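Paired with chain B in one complex and with chain C in the other, chain A is shared by the two complexes that follow.
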Partner chain A sequence: MAENTILRVDSLWVDYYTRSGPIRVVQDVSFEIRRGEILGLAGESGSGKSTVAQAVTRLIRPTVGRMGGDVWLQDENIAQLDRKALRHIKWKKVSIVAQSAMNSLNPVLRIRSQFDDILQSHGQRNRQKNFARMRELIEMVSLSAEVLDAFPHQLSGGMKQRVAIAMALLFHPDLVIMDEPTTALDVIVEREIVSEIKRLQREFGFSVLFISHDLDLLLRMADRVAIMYGGYLMEIGSVQEFTHPLHPYSRALLHSFPAIGAVGAERRRGIPGYPPDPANPPGGCRFHPRCPHSSERCGSDLPLWEAVGGKGDQRVRCIRWREIPNESHTGSD
Partner chain B sequence: MNRTQALIELQNVSKRYRRRTAGSTRDTYAMRSVNLAIRPGEVVALVGESGSGKSTTGAIIAGLEKPTSGTVVFAGDTLPSRLSGDQLKDYRRRVQIIFQDPFSSLNPVHTIGYHLMRPLLIHKVAASRAMALQAAEGLLEAVGLQPAANYLHKMPHQLSGGQRQRVGIARVLATNPELLVADEPTSMLDVSLRLDIMNLLLDLRDKRQLGMLYITHDLSGAHYMADRIMVMYRGMIVEEGLSGVLLSAPSHPYTQILMNALTRDITGMEDIPSPVDTQSAEQGCSFANRCPHRMAVCVSELPDWATVEEGHRVNCHLYSCSS
Partner chain C sequence: MRYLMRRIIFYVVAFVATITINFFLPRAMPGNPAEALMSKFGGRLNPLALKSIEIAFGLHEHEPIWNQYLQYLGQLLHGNLGTSLAYYPASVSGLIGTALPWTLFLVGLSTIISFVIGIIIGSISAWRFGGAFDTFMSTFFTFTYAFPYFWIALACLYLIGYLWGVFPISGAYSMDLVPNLSVSFVFNVIRHAILPSLTIIFTSVGYWAVNMRNTTITTLAEDYVTMAEAKGITLRRILLRYAGRNAILPNITGFAMSMGFIVGGAILTEIVFSYPGLGNLLFQAVQQEDYPLIQGILMIISFSVLAANFVADVTYSLLDPRVRVGGNQ
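Here is the complex of A and B:
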């Protein structure tokens, strides 16, 4: 593994058990995250993006589903670790800010006790030292130390989210996974939290896997972006490369954000049809039934996770990417 | 300028919610002297964050809430403070609301057909069940759920979110309304489906000359949908104007912050005024507590409207002082 790679996910797959048998919700997902980088993972609901986050942190319970493939966090394969070894890694090397982090705080405990719980369970029993550490963290996320004495319901959504981020940073992890941490917040608060994350990330050098359905936000905050659809990664590349994305789905997705500020918004076409049903996905490329460029082969051949070549490490999963005219996503139709 | 008569007009409408706890009352103003007019065939977007009072405004227009003070004029007639009987029924037929959450706005134990036939029968749009069934099919086709016969007998849980929202739209069309309140109709939907729903609403506006209040927290969606945009903050309309004009020169400090949050690069270096909220001032501007340009007058007096340019007004002391 390259020296500055923090996380390497290789051929990851996840099944969920259902009454009618297991269904594959993540398939052949491979990507890397480098030290000090923010990778944005975009996708719609049901695309499998949150499942990737859970698989990477081994949060898929054995009663709910199963996973395979490799998840290398530096030199340890998380996919193979036993429970005991996992405990050493969680919080310390990789931590997660869950989708509902705002509601994952215990409502009957003061913030201070919740920090203390985590510290104690990792063997740090010196109360005074613990308190100093939580104070430091709470101030780091731009809250005042009084917040530590509050109950979660006394805090606003944005403040709770800051607390959750502070907790994730308790043990200086190398990687923080954030699953839609700002989706429930208003745009201005969202932006404040995101700039806070960027500031902290610059200061401490950890890497971030930032999951969101908001591609526009990801393109403004991340270093690289990956796009998921129907359980597969469809494209990965730098933010720069995404100004001219290669996959028809990436293009369609970018095109479905109306532009702001220009006088006279023009009518845009949405993506026809509906996202695939994971229990009964279309054959071939998962996107082909909605794709404006689909050919007969697209319905039968599964496209590979193909390196585009060139300077970067852009990849795309589309058999026709070379043939499709390279229009900029800002063009209208 | 001689304009078509407004379909609906709110004149100085305020809405106060009073919370009584042992020994004390706390008032929250969800709307403060709101003036708003929507003409037939016009889409007005009401933009604001949660808690701004935009849904309350929608509920008052839809007749689901009563104003604490102020007047609501519908099609030239001042509405009585309490609608009842036939008048209420008539109002409900002519003004319809689409809700945000397509998952909770349909009754899980009834078929799609039932949801569509009910308003048709209640408002006597269809004279018999057979005719209602036929009309229901027509409605499903109008919102792009085809072939309609496939959907009539389905239960809500058998449809995706996007399909359910289409059913929600078909249902409000059943009574042939003149005015639609669309309360964040796309915010629960996947990105790839939002544009479709927006286009559907615009098509319906074009075909039926519907007036529409489009409630959203998304400025770019407002720009796409609306002829005019009104920006609301804590019960107060702070800025309004023709969409393109307002967005090319946002003038209220709040609108400017909102625009920057949406368009600027996120560097992680700059400061935005603190979100930590404080009870909004009773007399002054709602935004005074967060405003980077706050003056003494902002906390003591309500601002006046000032014209920025043709078709663009701002409700802010910064502008009324300098003029």
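Here is the complex of A and C:
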């Protein structure tokens, strides 16, 4: 593995058990995150992006589903570790800020006891030192130390999300996974939190896997972006490369967001049709039934995860990407 | 503390309402205790006897009902619940005083044991959701909970008590013993309590287990439990402080409710095993139309239900900070 690679996911797949048997919700997902980089992972609801986050941290319970493939966190394969070894890595090397911080804190414990639970579980029992560390973290995310004595229900949504970020940074992890950390917040608080994350990330140099359905937000804050659809990664590349994406789905996604500074009633193009049903996915490329460029082969051949090259290690999963005429995403033809 | 004050005021009002209803309810019934006694003799008594019984019971003076009510309240304040008709001249408070400890001991202890076992098994089931243990336990407990109590009680009484003679079949202690605090007497009491206690536990443990299993399964799906796993928190801590602590909350209310009804006694249990508790006493009182005794027991029952609910409120507010609305912050 390259020196500056923090996370390398290789051929990851995940099944969820249902009454009618297991269904594949993530398939053949491979990507890398470099040291100090923010990788944005975008996709519609149900595309499998949160499942990727859970698989990378081995949070898929054996009663709920199963996973395969390799998840290399530096020199350890998380997918193969036993429970005990896994528990010691968790939070020290990789931490998570969950989808809704509202529900990610235990409602019956004070914030400081929740910090304490993590510290004590990892063998840090010095009360004074622990408290000093909590104070330091809570002030780092621009909150006052009194928050430590509060119960979660006494804090606002933005405050809870800041607490969750502070907790995630407790052990200086190499990688922080942020699973839609701002989805439940209003736009103003969202902007504050995002700039807070960027500031902390610059200061401490951890890598971030930032999951969001808001591609526009990702293009503004991330270094590289990956697009997911129907359980597959469709395209990955640097933010610059995404000004001219190669995959028809990436283009369609870009066109479905209003351009910043757009004046008047500019018409956005939606994507016709609906996301695939994971229990009964279309054959070939998952996107072909909705794709304006689809050919007959798209419905039968599964496209490969093809390397395009470039400085963002651009890759695309489309058999026709070379043939499709390049167009700018900013136009509103 | 404001929360507690509000609750205390509520319970005082509720208790006054209870004793008021307790006063008016029997008086709204047709007839009176003297007539009930007369009818027992099936006309073999001279009608003049009715007059003398009424005088003996103090029913001849037709005092205004409000005066009676005030007198009743005054007597209650002095702990005087009147005189029993069936066990004349024993006082109602004396009879309750003898029966209450037996009920508290038998039904109280059984309920606590049943709750603790149920909570533990329910949690384990939920953690092994869908596994062999869970599948067996869920089915087994649904079965025991649906079991008709009287049937299992009679079957135990007949098989274990009568045929096999493992445990005594009736009473709280052997008739030839004088209650004292010696080891042999305590042992005798425990031997007598085992059979009725087992039947109570057998039929009620399923309720707690199934409830705890369901609330735990819901709690395990909560984000904060998944996040606790992501944080590498030890399994013991997750089980107790994250899953268990939250899953037990809804069960506290149910437990407190049943603690309140303990005083009412498991009437069936006490009748089947001739246990000298409050439930048995209430049954006798109803059969013999002993109004003062019925009234006294009902008052004790409603008082303990209210008290148990109050304890539940306090415990709940200690366990769940969200309930402490406008509390001591």
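The rule we apply is simple: the second predicted complex is superposed on the first by the 328 of 333 C-alpha atoms of A that agree within 3 Å, B and C clash if a C-alpha of one lies under 4 Å from a C-alpha of the other, contacts with A are read in each partner's own complex, and residues count from 1 in each chain.
Here is the rule we use: a contact is a pair of C-beta atoms (placed from the backbone, for glycine too) under 8 Å apart; a residue touches a chain by one contact, two chains touch by 3 or more.
This structure is a prediction, so every number in the text was calculated from the model and none was measured.
Q: Under the stated touch criterion, which partner chain does A:Leu39 make contact with: chain B (first), chain C (second), both, or neither?
A: Neither chain B nor chain C is touched by A:Leu39.
Q: Tell me the contact category for A:His122 with respect to chain B and chain C: first, second, both or neither.
A: second
Q: Touch check for A:Thr57: first (chain B), second (chain C), both, or neither?
A: second
Q: Which partner chains sit in contact with A:Met159 here, chain B, chain C, both or neither? Use first/second/both/neither.
A: In the superposed model, A:Met159 contacts chain B only, not chain C.
Q: Who does A:Lys90 touch here: chain B (first), chain C (second), both, or neither?
A: The answer is second: A:Lys90 touches chain C but not chain B.
Q: Regarding the shared-chain residue A:Val316, is it in contact with chain B (first), chain C (second), both, or neither?
A: Neither chain B nor chain C is touched by A:Val316.
Q: Looking at chain A, which partner touches more of its residues: chain C or chain B?
A: B
Q: Which residues form the common part of the chain A surface touched by chain B and by chain C?
A: none
Q: Okay, in this complex, where on chain A does chain C touch?
A: 57, 59, 63, 87-92, 95-96, 98-100, 103-109, 117-118, 120-122, 151, 153-154, 167
Q: Given the complex with chain B, which residues does chain A contribute to the contact?
A: Residue list for chain A touching chain B: 44-45, 156, 158-159, 186-192, 194-199, 201-202, 213-215, 220-221, 252-253, 256-265, 267-272, 274-275, 290.
Q: Please name which positions on chain C make contact with chain A in the complex.
A: Checking each residue of chain C against chain A gives 129-130, 222-224, 226-234, 237, 241-242, 245-246, 249, 319-322, 329.
Q: Report the residues of chain B in contact with chain A in the complex, numbered from low to high.
A: Touching chain A from chain B are residues 49-50, 160-163, 190-196, 198-199, 202, 217-221, 223-224, 243-245, 247-248, 257-259, 261-270, 272, 275-277.
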